[in-house]
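Take a look at these structures.
Next come two complexes built around chain A: one with chain B, the other with chain C.
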Partner chain A sequence: MAVFQAALVNELEKLYKKKKALAAFLLSLAVIVIGQIIIVGVRSGFGLRTAGSMEFPMLVLSVVVNTILPLFTALVTIDSFSGEFAHNNMRITLTRPVSRLKIFAAKIAAISLFILATLLLLLIFSIIAGFVFNTNSATLDSLVRTVFSYIVSLFPMVVLALGIVLLTNLLKSGISVFFVSILIFLGLKVLGVFFSQYSSILMTTQLDWYNLFLMKSFPLAKIIRQFLIMLGSSVMLFTAGFYLFDKKEL
Partner chain B sequence: MEPIIEIKNLTKQYENGRGIKNINLEISEGDIFGFLGPNGAGKTTAMKLMTGLIRPDYGDVKIFGHSITEDYERAMAKVGCLIEIAEAYSYLSAFDNLKQLARFYPDVDYQRIDEVLELTGMSKYKHEKPKKFSLGMKQRLGLAAAILSRPKVVILDEPLNGLDVEGMIDIRKLIQKLADEEKTTFFISSHLIHDVELTCNRIGVIYNGEILNVESTKTILRNYATLENYFVSEVERNGRLSSSVG
Partner chain C sequence: MKLTKKTTMVLSFTLGAMLLATTALADIAAKSGYDQLKDALKVTAAQCSNNLSSFTMDISYNVKDNGKTLSSMNQTEKCDRTKSAREETTSEQTISGNNYSNQTYFDKTTYIRLSNDDPTYYVTEYTQERKDMAFSDPFKNNNADDVEKIADAIVGNLKDNVVVTENPDGSKVLSGSLSEVQIPSLINALASFEMKQRFNGQDGQQDNVPHLSKDVFVKTIDGTAKVNKDGVMESILGSAVVSGKDEQGTVHDITIEVLAKLTDVNSTVVTKPDLSGKKVVKNVVKNENSVPEISNPQEFMGKFKNDILIMKDGKFVKVGERIIEITQIDQTSATGRYYEVYKPGFDQYATTKRDFSFNATKSKDKNSPEYKFRTDAGINKAFFLDEHSGKIYLNESTTFSEGGIILDSTFSPDFE
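This part shows the complex of A and B:
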């Protein structure tokens, strides 16, 4: 366990010291600022009510889970795997007394923590922006649901990260992984539109699963089913990704 | 004496036909073993197999009795290594690079990091990032990383690559100091015959992926004028044997 902790701290330090993680945080804040400017502009220019204080964080979440968050997840994941393979940096860790499983798990844990940190950052700043600039429509119930929506959005994002991890171990170049990831993402989005009856098993549809927690009638069975689908996908993607990572010759 | 490193029937063949075939070796405590062979002989392949970077087709490597393929963490617990080019994270300082590695060893503190930077002559560059380092400086940092955990076994692949004369002498002295004072066992590959002669007390010659002979430096120099003569003689003898078999 101590070795896993060391590997995790190392991965987090690398994420922190790289400019990419910082850029991701700054861009997340930019989304909130731009979103808020648009809302204030629409409200004062056209006199329309746009978003209440608790609606604004949900508006931000609905935008980021389908745009910048998958993008940042892809960039950080590609950097952590393909980037280190390309620069021969993977060898630095792999020749230490730590098993490949622990290194692989530590990398995924660090990516998951990065996603969680980004989500929490977006949550805090969007709530603050919502309270400061928008009409007050907050209730304790809506606040709890908002916080919950942000936190549960971590799960589908981790599944997405595991999918990208698999690609980084299949394809050599990070650029190929990036473009293939985008193509698969768009492909799944299109499939979700044409085959909506099967869309619940698609990774891209799961990104919006936080909506299930916003319904007045709490759809427990549906939530459990979606959770199990994501869990199953994670186990399969983790196993396939690790199989390739373990066999990798450096 | 119990061997510290046991290599048994180690085989790895690449698609291009290169690799190593059926290598058997035993390295004892205190040995400074020189793995001598020309470029492409299979030295790096053998060392990558020894450090688990690649998997063998057949055979195994045991370090302190622990198999590298089955019990990696224990096998590598007392091993430091530098394989091919010394790599470092370009966005971390020399000190931070070593700090990353130190976390895997409970006994290694910041004082030890400063100590190995001093030993390898890198103290004055400790806060600089390796992207600005020369090849020799990167190699010194790689060596610092290899000896950071006070390992009992150090595996070095071409450790003198990119070093100037002064650097070569420094590293040679460092290897001898660690072998004498801390009884560290070294497994060093090189194609630089002169350096192997000066540094190592046992020498194995590898050619075309096969071990031709293993002998102590003393015995070799008793029978041959130089290590170079021994190496040429071994390779020629093997060449004649191969052609007569063929």
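This part shows the complex of A and C:
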């Protein structure tokens, strides 16, 4: 376990030193600021309330989980795998007395922590912005639901990251991984619209699963099914990704 | 036995795949409340159009401002498929405070209408039997599938908001409730904008109607549907609350409720209104798609004219006459002459004076009142015969007046 921890700290350190994580945080804040400006504009211009203090964080989440969060998850993931292979840094990582499984797991754990950190940052700042600039509509219930929605958004994002990990181990160049991921992402979005009855299997629809936690009638069965679908796909993607990572010659 | 790395990987991959496959199948098989709602609607529409011999449908809505009724509508529709007859009674109180009510009756050969402000029964009799007037299934429409797909895509994640409660006798209650957090922001914004436009204090709205100007938002949307054990929907109630403030800062909660009920299945009686002793205006047409038609064009033999007018010193002044003379006309063709006559002293207006003979052919549609012809100058023109008012309409390509002359293309019979 100590070995894994060391590997994780090592990966986090690398992530922290990279500009990409910082850019992700800054962009997330920009989303909140721009969103708030638009809302204030619509409110004074059209006289609509648009979002109360508790609806604002949900509005931010609905935009972010479909745009910048998947984008930065992809960038960070590609950096952590393709980037290191390309710069031959992977050799340094792998020559340490740590098994490949632990390195692989540590990398994924680091990416997940990055996603979680971004989500929490968005949560805190959007709640603050919501309270400062918008009509108060908060209740304890809605606050708890909002916090929950942000936290559960981690799961589909990790599944997405694992999918991209598999791609980074399949394709050599980081740029091609990036473009293939974007194409697949858009393709799945379109499929989700045309085959809405099967959309629960698609990664892109799962990104919106936080909505299930907002419902008045807590749809437990649906949440469990959706969770198991994500669990199943992440186990598959993790194994397949690791299989390729383990076989990779340096 | 210690598992090798390879077997572990194969095992975990298979486990993951199985987990994914089984839950995905379960998820697809599990009918969401939304799907059950759609099924109930389809079953109900199919039953109403094919199986039930008669039924009564009540549809009503009302709009309230903080509990005070602003507008309401109530419609009762009785359908009898065996007689293929339908009776509709509507009463409505509009937002501007007016009351309307009307009553209509349809069957294969008759259409009767009565409104509240006029005691006259307007009766239209069709000489050709019309299609089944009772009820047609909207889901049999060609576009229904596409509309359904679009609706599915729009509803998207909200699908799981429909909760199903099953009763021991097999009937079901489907209900759903959305609060502001669950309504997608874009939909909320568009709906509130629409409501704000409705209640903007313009269009002659009275003072009792609130003028929303600030902080408009959709507060809640609720719906309940009752489905009986045969899968037929007996009632569906939808309500929405839109909240907003007026200029004075008073909060208005505007409630919109819509209720539809299906009652008296197989026991509804549709009766034709008793017209004896009532004031009746009767009209006989061939079928509902009838266009103006002409049965005897010979009526139009002779001279038709209208006055050529100008505007002078703020008054209309007659400067001459336009004359159409039809010398021969039947169901295939017509010949005649168009000319203009100017009164002495107004010759300066005669610069655009026209005089031509025509040899027109009737348009191919049977009984169509249109006759087309081509002038010597090569311009296509046509005239229409109107049997009801005894007039000829000349269709000309010019639409602007020349030299101050007022255009008029309606010609009346000349009896002088």
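The rule we apply is simple: the second predicted complex is superposed on the first by the 250 of 250 C-alpha atoms of A that agree within 3 Å, B and C clash if a C-alpha of one lies under 4 Å from a C-alpha of the other, contacts with A are read in each partner's own complex, and residues count from 1 in each chain.
The rule is short, and it goes like this: a contact is a pair of C-beta atoms (placed from the backbone, for glycine too) under 8 Å apart; a residue touches a chain by one contact, two chains touch by 3 or more.
Note that this is a predicted model, so its numbers are computed, not measured.
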**Study point:** chain C versus chain B on the shared chain A, clash or fit after superposition
**Key:** fit
Point to revise | Once both complexes are placed on the shared chain, angle at chain A toward chain B and chain C, C-alpha, multiple of 10 degrees | key: 150
Practice item. Report for A:H87: first if it touches chain B alone, second if chain C alone, otherwise both or neither. Key: first
Exercise for review: Examine A:V3 and indicate which partner it touches, taking first as chain B and second as chain C; both and neither are also allowed.
Suggested key: first
Practice item. Return first, second, both or neither, reflecting whether A:T95 touches chain B, chain C, both chains, or no partner chain. Key: first
Check your understanding: Among the partners chain B and chain C, which is in contact with a greater number of residues of chain A?
Key -> C
Review point. After lining up the shared chain so the two structures overlap, which partner does A:K172 touch, if you call chain B first and chain C second: first, second, both or neither?
Key: neither
Revision key, fill the gap. When the two complexes are superposed, chain B comes to within a least CA distance of chain C, in Å, of 10
Review point. Both chain B and chain C touch chain A; at which residues?
Key: none
Practice item. In the complex, go through chain C and note every residue touching chain A. Key: 5, 9, 12-13, 15-21, 23-24, 26-28, 30, 32, 35, 149, 152-153, 156-158, 160-161, 163, 177-182, 184-185, 188-189, 192-193, 196, 212-217, 244
Review point. Along chain A, where are the residues that touch chain C in the complex?
Key: 42-43, 46-52, 54-55, 58-59, 62, 135, 137, 142, 145-146, 193-194, 196-198, 200-201, 208, 211-212, 214-217, 219, 221-222, 225-226, 228-229, 231-240, 242-243, 246
Study note, to complete from the structure: So, in the complex, the side of chain B touching chain A is made of residues 48, 51-55, 72-74, 76-77, 79, 81, 83-85, 87-92, 96-97, 100-101, 103-106, 145
Check your understanding: Which positions of chain A touch chain B when the two form their complex?
Key -> 2-3, 6-7, 9-10, 13-14, 17-19, 87-89, 91-100, 247, 249-250
